[in-house]
Amino acid sequence: MNLATSQSPRRTMIEVKGVSKSFGSNQVLRDISFNIKEGEVVVLVGPSGSGKSTLLRCINFLEEFQAGQILVDGSSVGYSVSGSGRRRQSEAEIAQLRTKAGMVFQSYNLFPHKTALDNVMMGPVLVNKESKAEAKAHALKLLEKVGLADRANHFPSQLSGGQQQRVAIARALAMRPKVMLFDEVTSALDPELVEEVLKTLRDLSTEGMTMIIVTHEMQFARDVADRMLFFYQGSIIEDGPPAEVFANPKTERFQAFVKRFQANSHHG
Amino acid sequence: MDVAILNLNYLLKATVVTLEIAAATVVFSLLLGTLLGVAATLGGAFVRAILAMYVYIVRGVPVLVLIFIAFFGLPRTGLDVPNYVAATIALVVYFAAFVADIVRGSISAVPKTNVEAGMAIGLRRIQILWQIQLPLGMRLALPPLVTTASIAVKSTSYASIVGVWELTYASREVVERTLAAFEIFFTVMLIYFCICYPISLGASYLQRRFQTN
Amino acid sequence: MNWLNTAAGWLPEFLEGFLVTLALVAMCLPVALMLGMVVVLARISSKKAVWLPTYAAIEFLRNVPTFLLILVVYYGAPLLGSRLDGLYCGAIAIAVQHTAYLAEVFRGGVSAVPKTQWDAGRAIGLKPAGVFYRVVLPQAVMKVIPAIGNQVVVLIKDTSLVAGIGVIDLTLTGKLVMERTAASYEVFILVAIFYLVLTTIASGLFRLLEIPTVKRR
């Protein structure tokens, strides 16, 4: 739960308006619309192929979309929309906008030829043009925050999967993003390593970071998320606080989905 | 084997020439090939198609034919170069194609997630190429590049057919003079082997090392 | 395009040279393929007395220039009392070297065949050589068809080296035509086209052979 929430209205951080996307003839996202406020922790769940990861990747324009608009912190992502229609942004504009959103991937995240510290420093030095000294100090702080300050000079091959993901989180945070995007970050990990990553996510959520998390970890979703969006075949068919969605699901599909997960859950 | 020892000095001098030609070939084809490979990565389908055509032609034509084209053709274009320069140019044109194909293939073999991770932190295309794709790609490219270098060293022997004085040419001279074909050629083969076998071992070692990483 | 007309006038000679090239391929390729399959058996033997010399011979042959091997046979054969034509000297050298190349290619394929296949073969009563030739090698060959195709192309190109000892193959024909006409280096472009056609057909044939193996997966 996000403890930084207060009674005052928070501004909108993410706006997704009527986004549709197809891969060839296969429509993956159907007219998706929702808003996310600053500081909200939103979890995207659903069966494989339901479009949740695709939508996440549209937010930082790793995927294009044929219709609709996405705004991050007020700026339109990927396309500039005006009265006369939309034009695709330049490579420079897109790169710049990506710094507003930090993304952590499912696997093989870190650059294998650079140490943990170098991985975290790369963005600030190369993109934000910070000095190496500044970037290094900041990077070490972030590594401490995720509990890996002592591994700063290790290469990814010398780190466990869980440690690599935590460094990846630090690397994304180094760009001081407005929102953090997590794409099934624990799915490729051995069960023992999942908890350390989830803990890092929990800590982040209590600090007021806007987070969008695609995950299969239902217990984690229930504990941490302010809001849960259930994707099914390209549409969002449940939307609300996890407790409510679980207690009063509107659709049978969600009920079936939850039953399957409770049966397969390795958290027992 | 006394014949071999008597002529060893002569043959070793020729070995130096072989090594010079080989070094020039390897260095220039690496430079040219890497440039072309990177260009094909950055450029669109058109550039890649041109590279594909170039590789196809070089793959299907014997080195010797290229050496003949260079040897007989260069004087025609006004460039009157010594025979070893013509041969080296032909060898460079030949091997640069393979290098380019290896480099292009290796860069594209770098897992997409590394590229996407770079994009996610806001890196520009050029930065991703320079910081991520090239370093990781060249690691993948090393084993086949080293193998290509070994083949290049052996190919220098074909320059002897257009009269370039190097190890093979010198060995022929000595054999025609002394008629001790087996002793001389065995010695010369040993020399080539001592140059090429370590290189091929290096390639195997690199292959194993980057397999586990 | 004057040179093209000039060269076209010499088409019969080119075809003769092309036939010599084809003859070399026809002589060397089957021999190298068959001998390679025999040599690889020695290479994978567990007896050191067998695989060590085989390994040494293969590595030696793979790391010396093809042209030098041709010269060895060319200058060495007379010393052994034979009066072999240059064509056959070249054929012997190329066949021997490509036996070594192909043995290595086959070895790669053999090592990719699961060990259980060997057990299965012996379990049905086959003797080791039988297991190898009837069970393991066919699977190994299927796995390395692309690599064999590559080697075939290399062999086709290596035949051009007999031009260096005066055998009138396609390449040397080019040189001779060039010297006897006003045409210059452009003649070799025609020669290159001949080789491209030949190697493209060879590659194409091997690509066709790959299809059944891909479908099975």
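Each chain gets a letter, A, B and C, in the order it is written, and its residues are counted from 1.
To be clear about the criterion, a contact is a pair of C-beta atoms (placed from the backbone, for glycine too) under 8 Å apart; a residue touches a chain by one contact, two chains touch by 3 or more.
This one's a predicted model, so the numbers in the text were calculated from it and none came from an experiment.
Centroid distances built from C-alpha atoms place C farthest away from chain A.
Taking the mean of each chain's C-alpha atoms, the chain closest to the overall C-alpha centroid is B.
By number of C-beta pairs in contact, chains B-C lead all other pairings. In terms of their C-alpha centroids, the spacing between chain A and chain B amounts to 47 Å.
Chain B and chain C have centres, each the mean of its CA atoms, that are 21 Å apart. Averaging C-alpha coordinates per chain places the centre of chain A 56 Å away from that of chain C. Across the interface of their complex, chain B is touched by residues 59-60, 62-69, 71-72, 75-76, 79, 153, 157-161, 163-164, 171, 174-175, 178, 184-186, 188-189, 191-192, 195-196, 198-200, 203 of chain C. Chain A meets chain B in the complex at residues 60, 62, 91-92, 95-96, 98-99, 101-103, 105, 107-113, 122-123, 126-127, 157, 168, 171-172, 174-175.
Residues of chain B that touch chain C in their complex: 56-57, 59-66, 68-69, 72-73, 76, 150, 154-158, 160-161, 168, 171-172, 175-176, 179, 181-182, 185, 188-189, 192-193, 196-197, 200.
Against chain A, the residues of chain B that register as touching in their complex are 111, 113-114, 116-125, 127, 131-132, 135-136, 139, 213.
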